[in-house]
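First chain A sits with chain B, and in the next complex the same chain sits with chain C.
Take a look at the complex of A and B:
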């Protein structure tokens, strides 16, 4: 059965909320019922059938053909199945996702993977600020799952992260791991200022010695620990990286000593 | 003297209202920039709710940064009056807007008369030296900082050092600060939204929370602009959310990215921009393809605006209510030079009455 496919007919005039287009929400609906779903967020909101051409029938495997930074909340609250987007998406992709697979072949806006608790998001392009982080007023960030950004990520990556893995493969902005309390953030490439600011626990893994560290992180030598080997193997097995990130005996900083000081930054030595 | 224009042509106020109401009724996505007193803001928000639009403040970026501390972190706050009367240890944090310098300088000539009784001492925690350095010198504040360290870094180091934790760099003046802290019953940190970025302010509030485990400490928040903060509080009162709120599906939703009005105009999401400014001398920003309705204190039509209506300034042309950070709440403003110029609330009510349905606003 062919994947249920939504082809964007034109650049939408208003921002679209695609949180209703998930495998679980569409299961059992006819094409006509799907076309009548309201996805517009403006004063006279558009329906799915007004802006998307709907083909295919397999609701467990969705494809969004098209690219627009106005496609918000793609895969939001997804609990299973798969969604593939052939271009860029807007804000809050994969928000509160708990299962399944979301592949974005372009870039994503702010708050991708915000508050996700399971599943896997892969963004082939760049991502905006606050990936995995909570929205204004929320106190819990990402709680599980895997979020991979093949390009660059903006500021505040992994804000309030408490479980799960975020991997960023071409560097990130300032305040990576801001307020994180557990979980792991992997960054290959240049890291901006103040990584781990207000970090209580958890691990930041870098492929080079971090610059612009806040002075409340202290060097802890080159511990010979099993974790780096195990995690390198995980990253290669999951096809997130082709080669190990940390290698043998990575360097280590402990912090943020302004709070509990139980977090760590591990980095590959020699770069 | 004309008070209303369609394009650059002077027209009667009624014609301008009718024309503006037509634009509002036909707009796909109307957005409002607000910069007025409480009555104007309340009536504008009531109209925006009816239209399904969104609103922001003219100083939206600075205001959003200030609001972030409250939405994302929270904190412990006191009023300027409490700080002046109870605290013998005041710590300035980063850059303080010039509008508040007179108030802080007036504190220097007083002593606390409740709680702490000693002579007031001042400290200034800072990153790279900035505009607040002059104020700090006038107050003879002891410097807490280190060369090459940002304010966020300095606050992190201070918080760690006060807990006797290891740090890679120490702050100058830290021992003097420890002694002052030991003597004071109520240290108060004075900061503004322009003092530093949001993480630094979150670190500051964490530091204050640490101090409250063994004694009392608090902070005084001095907004970058009193009128802007008053608009945020009025919006909270009306909708439960600060500015950068929109009425999607008739319910208010707060999203500082989505409802950033300048971004919406730039990205061509909005097709109508209503500029509401009773401050005087302010004009709607140029650029974008959205039609503009300008309600502003002006004697000439706003450049590029489809409709311009002149309004009075609260506290000058007519009475009003505005926020005052000096007292930490709203205060009444009596008109100093009453004029026939209408208030923003008056014009907004007329706009609402001219919309299809002709239903009056609740405020």
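Take a look at the complex of A and C:
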């Protein structure tokens, strides 16, 4: 059965909320019913059929053909199946997702993977600020799953991360791991200012010695720990990285001692 | 008793009687195979028989770097007990005293079982608040800071209720050296069978037992029918040419593993022949009424 495909017919004139277009929500609906779903957010919201050409039947694997920074909440609250977007998306992609696979072949806006608790998001391009992070008023950010950004990520990556793995492959902005509760953030490439600022627990794993650290991070030597090999293997096995990130005997900083100080920055030495 | 002969070795038409047990397995790794084995040997010390040790344990196989979760050399250890609670208690205390303490060690689940048993979940408190929980790839690990770095330990391992304990072979020989030679050959062959362990010293037991005894409170006492020095004075199972008997006891993850191990042991000793090894091979049972699993030697011959 051919994948259920939504082709964007024109650049939307309002922001679109695609949170209703998930495999679980569309299972068993006819093309006509899907076309009547409201996805616009304006005063006279557009319906799915107004702006998307709907083809294919298999709702378990959705394809969104098109590219627009107004495509918000793609894959939001997804619990299974897969969604593939051929271009860029807007904000909150994969928000509160708990299972399945979301692949964005372009870039993503802010709050990608916000509050996700399971599943896998892969963004081939760059991502905006606050990936995995909570919206205003929420207490925790991402709570599980894997979020991969093949390009750059903006500021505050992994804000309030509690569990799960975020991997950023071409560097990130400032305050990576801001207020982290636990979990793991991997960054390959240049990291902006003050990574791990106010992190309580959790791990920041870098491919180089971090610059611009908060003074409340303390060097903890170069311990020979089995965890670095174990996690390197995980990254390679999951095809997140082609080669090990940390290597043996990574350098370590402990912090942020402005809060509980039980977090860590592990980094590959020699760079 | 009817008898069969293979390569000049007499095979008794009898069977080994074995029992259902609970078992678990863990993978211990270290910077070198030597230290991984050291942790495993320490952990499986004083674990020959559930009668006195609470559990039966031994190294199953050594694992190369490519087969361990963290890419360091290691070995798989199996532990058997009669009940889940006792198994958990033994696992926790042996892990805490023998593996956590061993230089450079790490510990992982070695079995996907029907229920979890605590590994790191039981030991994490040693970290005194500095322990680190890591969940990724569907697994849960604990990292406990210790003096040479970190003790990395998976949170849980699996429990199997399909394990079998008490498979055995008895090697009857003309003298001690030949009995030992036969037993060593059997141990070497059975060591290559995955999922089967031999918990006794070097895999061999010389004090085979019968159930009960003349003294009150003795759960087991010497197997007088197989003791050569008593051949003339008790109802002995030994013929005049036999002067030494050694036993190999096998615990397996499954009944098939026990059968495969006994088959491998039988073949090794039959190939050795009666001149250098055993004159006769037998097996221990309790008349077939106590144990659920019966392994007839005639079914396992090469």
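The working rule: the second predicted complex is superposed on the first by the 271 of 271 C-alpha atoms of A that agree within 3 Å, B and C clash if a C-alpha of one lies under 4 Å from a C-alpha of the other, contacts with A are read in each partner's own complex, and residues count from 1 in each chain.
By definition in this document, a contact is a pair of C-beta atoms (placed from the backbone, for glycine too) under 8 Å apart; a residue touches a chain by one contact, two chains touch by 3 or more.
Just so it is clear, the structure is predicted and the values come from calculations on it, not from any experiment.
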Check chain A with both chain B and chain C modelled on it and let me know: fit or clash. fit
Which one hits more chain A residues, chain B or chain C? B
Of the partners chain B and chain C, which touch A:182 in the superposed model: first, second, both, neither? second
Is A:137 contacted by the first partner chain B, the second partner chain C, both or neither? first
First, second, both or neither for A:6, with chain B first and chain C second: neither
Identify the partner contact of A:231: answer first if only chain B is touched, second if only chain C is, both if each is, neither if none is. second
Applying the touch criterion given at the start, work out whether A:258 contacts chain B, chain C, both or neither, answering first, second, both or neither. first
Could you say whether A:267 touches chain B, chain C, both of them, or neither, answering first, second, both or neither? neither
With both complexes superposed on chain A, which partner does A:110 reach: first (chain B), second (chain C), both or neither? first
In the overlaid three-chain picture, find the nearest pair of C-alpha atoms across chain B and chain C and give that distance in Å. 15
Mind pulling up the chain A residues that touch chain C in the complex? 144, 163-165, 182, 184, 201, 203, 223-227, 229-231, 233-234, 237-238, 262, 264
Considering only the defined contacts, which chain B positions touch chain A in the complex? 27-30, 51-53, 68, 71-72, 149-150, 152-153, 155-157, 159-160, 163, 165-169, 199, 202-203, 206-207, 248-249, 254-258, 267, 269
Which residues, counting only chain C, touch chain A once they are in their complex? 29, 31, 69-72, 104, 106, 129-130, 132-137, 141, 143, 148-150, 152
Contact residues on chain A for chain B in the complex? 13-15, 41-45, 69-70, 72, 91, 109-111, 134-137, 175, 178-179, 193-194, 197-198, 213-218, 256-259, 261
